[in-house]
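The two complexes that follow have chain A in common; it is paired with chain B in the first and with chain C in the second.
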Partner chain A sequence: MSDLLQSLNPGTPPDARSYVERAEIDASLRAPVLLFFGTGVAWLLLGSLLGVLAAFKMSFPHLLDSADWLTFGRVRPAHLNIMVYGWASAVGIGVGIWLMARLCRVAPRHRGLLIGAGIAWNLGVLAGTIGILAGQSRSIEWLEFPGWATPILFVAYALIGVWGVIMFRFRRPGHVYVSQWYLLAAFLWFPWLYATANTLLIWQPVQGSVVGAVNWWYGHNVLGLWFTPIGLASAYYMIPKVLGRPIHSYYLSILGFWSLALFYSWNGMHHLIGGPFPAWMISASVVASVMMFIPVITVAINHHATMRGHFHYLKWSPTLRFTVVGAMTYTIVSLQGSLMAIPSLNNLTHFTDYTIGHAHLGLYGFFTMTMFGAMYYIVPRLVGWEWPSAAMIRWHFWLAASGVALMVGSLTLGGFLQGLELNDPQVAFLTSLKTVAPFRFVRACSGILLSAAHLVFAVLFIRMLLRQGGPRAEATLLSPPEIPAV
Partner chain B sequence: MSSERTPPEPESFGDPPQPEEIDLSKIHGSILREHDEPAEGRESVPLWLVTIMMALVFWGGMYLAFYSGGFRAESFNPRRGMAGGAVDSNDPATLGRRVFTQNCVLCHQATGLGVPGVYPPLAGSEWVLGRDWRGDNHLVAILLNGLQGPVRVGGAAFDNAMPGWSILRDEEIAAVLNYIRTAWGNTAPPIPVEFVRQRRGLTAARAAPWSAGELQAIARESAPAPAPQPADELPFRRKAAR
Partner chain C sequence: MNKLPLLFVGILLVFSTSWIGLVAYPYLKLGRLAPEASRDGLVPPPLTASAIGGERVYAANGCIYCHSQQVRPAWLSTDIEKGWGPRQTVARDYIRESPPFLGTMRTGPDLTNIDVRRPDRVWHYQHLYEPGTVTPGSIMPSFRFLFKVQPIKDRPSFEAVAVHGPHAPPRGYEVVPTQDARDLVAYLLSLKHNYPLPEAGDPPAADAGK
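What follows is the complex of A and B.
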């Protein structure tokens, strides 16, 4: 037996027991995870299309405005909600449940919960999207889905949360890895956020300026307490897993996790600087936003120190390249966000395209790139097949990376100039719009690059499911390695 | 019963076959190839990070000390710190300006000059300043119930309808009246909250707006000079106690 193992992959410890364990976990999660991934990719394509359309409408206001459902006021929230719930949340759930099961080292129970949740989740997103395009948007940012769609999403989410807790409860005894903390927290945080926001804004609506406070408490926490922990859990897993080295420091992991948990949920009020809110609410949020330096620097050190001396792996491993680019972007976008919360800088960036650039750097540059990295690792194990084309992975990476760089670059520079002019009483408002117009056109073009990246990835994903490209003995790498692949 | 609640041993999940029974050729290469599940090293937290953290904590405390508005719900000005003295909203001038901006400015304009022929001016208005037969009681009555029909202000004729503002609290009515009596060059003595409360009680039964003629039929009354407000009787405290 051990001879066979050695011949399959020399250098691997002959621990057949762990192979069986992994193979079992992967096999039992094949259907639910591929359900979340597959529908997520479909939503990604639709969301990209709507995003590009909304972006070009900023340059050509009369583009496709003959039908009500294609007007900017519907296309733009449809784009946002599809990306947040249809793509990012779905792929995040897929990655999250796989990581959780792998790290709990037990074949998961209750797969039916996950499949039911996956179907309900997609029905909820579909119903909500139709609602928005039909003109029933609730006009509360990040919560535009009409009230009759959100309970479906909540039920779907509750099923996943319950599954996550059961999974963790019946884990194999032993060390609980940092990714598991983040995932368990995310599984508990998101239903809390979603139920609170829906109760206070829809079912028992609060009045007046408190609406804004609840809205941004929710909107920012979805990024910080849902997407961020899943993205970090994935990076914390993929980097040491691909390199085969331990993560740098357990103590930094603890510090990063608990400081995120302590400070993040205070951050949302920095969207309301200058608004009609008691001074302490805004100032507490400013302080908490700057305090986010602590978890961000901590996680950055931990990841960087693990990578140190191994950056050449980025030439070969698709997983590592997407993940590390995403993790580095996490550091950049978080430090940028902390600075944007400081009132003197916020005066410049508030109500400009700069903020939109920041949002895309976070949700795309960090989260989506990290999720692509995780999918490149997970899908071959679920399908039992290697990625059919290294060239397509390279195209995917460079289209996505250049697209998001161009988008964030144009929005940031344009937003900066726009902010300078908006703050200058000598400059007419119209002038600031003319200044930002060419940047908005470039941004719309960057959306084409991103859509092309998504199309390449979708084709690659379908070819993968169809097991095209011939069997490969080794992992599909971005370029031929100069040392033997591990 | 209790034994059923304890989690079964991990081995009972899925009952993985013994290694001798596994056909490894059925397991995909990516699973055989991968490294063990990740572990964590035990490097200590670098000293420079601890230094940065302590500096941030110090900065955060100082920021809240200077810009928290004393953690008071009614303080909207971040520049008022813990030792920032009177809170803005308890300052009648600030409250009056805010009530005016929220309710009156649309018609009477920020300049207090109104719109000629449509909305009467407040700046220099004999109604506001209490000239001739017009007293403090008339001004409070207009605020509480509104004024409808033809009226002459500053020599110009107007014929419009002003709604009553009885929805405002007594403190807010007193504050906005004192604001319009001291803004735009107006100089008239303040009207105390007690006087507004007394007038509201007297006209509580009335719902319709006044006409100028009706008001002229009422004798002029002046408000007594306001007594200094004790510190624990600030308007917002009173609201909270209700």
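What follows is the complex of A and C.
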């Protein structure tokens, strides 16, 4: 264990062997990880464009409404699926395989497997997006890619999952770090989720309302058992790594991990409160959602105690700033989710923009921010170059942070008021639309802020690949530290 | 937690509980329901071929992102008071649909009983072509691409849609629905879940669905 803690601690000067070891791992992962990152950033830009378009369509319904492939009901799922599979999953896979190799401390074999998987994954996303825009979607939320596109994604994914398990099997003997549990679990859960959902919903559809149950079992578990473990694995690695301090408590890590696995997997049915299902299924999900307090607070305490006394590092380290904002948002969004599951609040927010705000807080405020943080750490190690501009990183951070805050704020408040009116039998339906309209306009504008953030990041990423900005002896910091870091 | 087999089995076992509870159980319990015989024939009545086509148009154009199709029970919600339907919807209401469009948003009204509220085919054509003409204030997009604007030949087609105001076709032209529009409206007019079902509680009152 002390071996690993030492390797996790940048304060201890690494011996020659671990320099060589890390360089070897980074070199062999350069192509596949940059492939996932690069294509992910491209999808992020396209997904932002479609998201902004869909958002403005709610304020201006006549915007680009003459072509069928640009209608709201196709642009919106195209935006969601591009963000989920093209951006978030791809960058999550990139971060996941890099962390797995670094923590297993062996140079990965079968690099070709990963490159093949990366190419296939992107072809799958491309085919699926074209399918949605061409009118092939079956309107099952989070699974809109047509049945002829999803097998490509599944095969690509299977290659990655197999690689991950092989990697873990042939790791250097010694302690297994908490990030590795989360990654191994994510690598095993996702194919089960994706295979079940595609089999029962797309290839051999089940009857009637069962579709709803499977749909939300999948939809919520993609967040909880795919994105969340990858995001937490990254936070568990980056925070101690940047600070040069070990994680506060090993036992809290264990509790957090297993309670997440147990409770999160049962959450999905809270999306269907009052729906055509046995009441116990909904109740079980509501209870499990509230029980999420346990893993969330456990992880929050663990991260907070690790950070304690070191919050001033957030002024300097881009990795730490993005990661810690992401980890704090994870706590907020999860507690919000637990509260939203409670029937009285669930009834109010169900069917409103409030839920959309919650989804963005999770997938963006937590996951995407955490992934940006990880990329700020990983890309320099792959390219052998430091980030060319601290100013651009600051722009990226503030545009992204203010954009997501504005978006979630407007959707939350607007959705709340919308919910009050939707539930009031005395209020006409159109009134709820009028009430929420200004909030929707603000939300659409917040999308412009986020798109600008992504553009800045994309330019930075390309400049990085081109090794622009002159060589630097030290890592690029957000601002020069006033006191020397101890 | 340094042993691969322990982690492996634990990770899969814990997850399998939710798979059994939320996937396998509803599949076994609700996955093989049959229509109920009633005085008026089988309920829910099977979809016509055109309505099945319309279901695909509904899915392709993402109606579900704004319209739900579920009426929640009175003890939990005001759906029935709001007029979305006379009773809560139950699993059997959805057996003919593949997939069912339960929905998670109400940017537009619930459509479970749209045929009861809007039984007029022409209204639906006008609404799909230019929603604002029949429901001012609506933010539903126009589905003009489901229609053809064509020159009037000798006399207007029998199914030409009357469109007035700024969105009317130029003089000498008429708006006619494509097959997709006909199918979609056939599907919308099949959405009528006001028949009684034993598992759905109280039978509907006389003015049900209003």
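In the analysis below, the second predicted complex is superposed on the first by the 470 of 486 C-alpha atoms of A that agree within 3 Å, B and C clash if a C-alpha of one lies under 4 Å from a C-alpha of the other, contacts with A are read in each partner's own complex, and residues count from 1 in each chain.
Basically, a contact is a pair of C-beta atoms (placed from the backbone, for glycine too) under 8 Å apart; a residue touches a chain by one contact, two chains touch by 3 or more.
Here the structure is a predicted model, which means the values were calculated and not measured.
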{"item": "Three-chain arrangement built on chain A, chain B and chain C clash or fit", "value": "clash"}
{"item": "Partner chain in contact with A:248 - chain B first, chain C second, else both or neither", "value": "first"}
{"item": "Touched partner set for A:211, first chain B, second chain C, both or neither", "value": "second"}
{"item": "First (chain B), second (chain C), both or neither touched by A:262", "value": "second"}
{"item": "Which superposed partner A:169 touches (first chain B, second chain C, both, neither)", "value": "both"}
{"item": "First (chain B), second (chain C), both or neither touched by A:200", "value": "second"}
{"item": "First, second, both or neither for A:425, with chain B first and chain C second", "value": "second"}
{"item": "Which superposed partner A:278 touches (first chain B, second chain C, both, neither)", "value": "both"}
{"item": "Where chain A meets both chain C and chain B, residue numbers", "value": "169, 175, 276-278, 284, 343"}
{"item": "List of chain C residues in touch with chain A within their complex", "value": "1-2, 4, 7-8, 10-12, 14-15, 17-19, 21-23, 25-27, 29-33, 58-66, 68, 70, 72-73, 76-79, 81-82, 88-107, 109, 131, 135, 137-146"}
{"item": "Touching residues (chain side chain A, partner chain B) in the complex", "value": "1, 4-5, 8-9, 12-13, 15-24, 26, 28, 102-103, 105-107, 109, 169-170, 172-173, 175, 177-179, 236-237, 240-244, 246-253, 255, 276-280, 282-284, 286-287, 290-291, 293-294, 297-298, 301, 305, 343, 380-381, 384-386, 473-475, 486"}
{"item": "Chain A partner contacts - residues on chain B that touch it in the complex", "value": "7, 10, 13-14, 16-17, 19-20, 22, 24-46, 49, 52-53, 56-57, 59-60, 63-64, 67-78, 80"}
{"item": "Chain A - residues contacting chain C, complex", "value": "57-59, 61-62, 65-68, 71-74, 76-77, 135-141, 168-169, 175-176, 181, 184-185, 188-189, 192, 196, 200-201, 205-215, 217, 221, 225, 254, 258, 261-262, 265-266, 268-269, 271-278, 281, 284-285, 343, 347, 350-352, 355-356, 422-425, 429-430, 433-434, 437"}
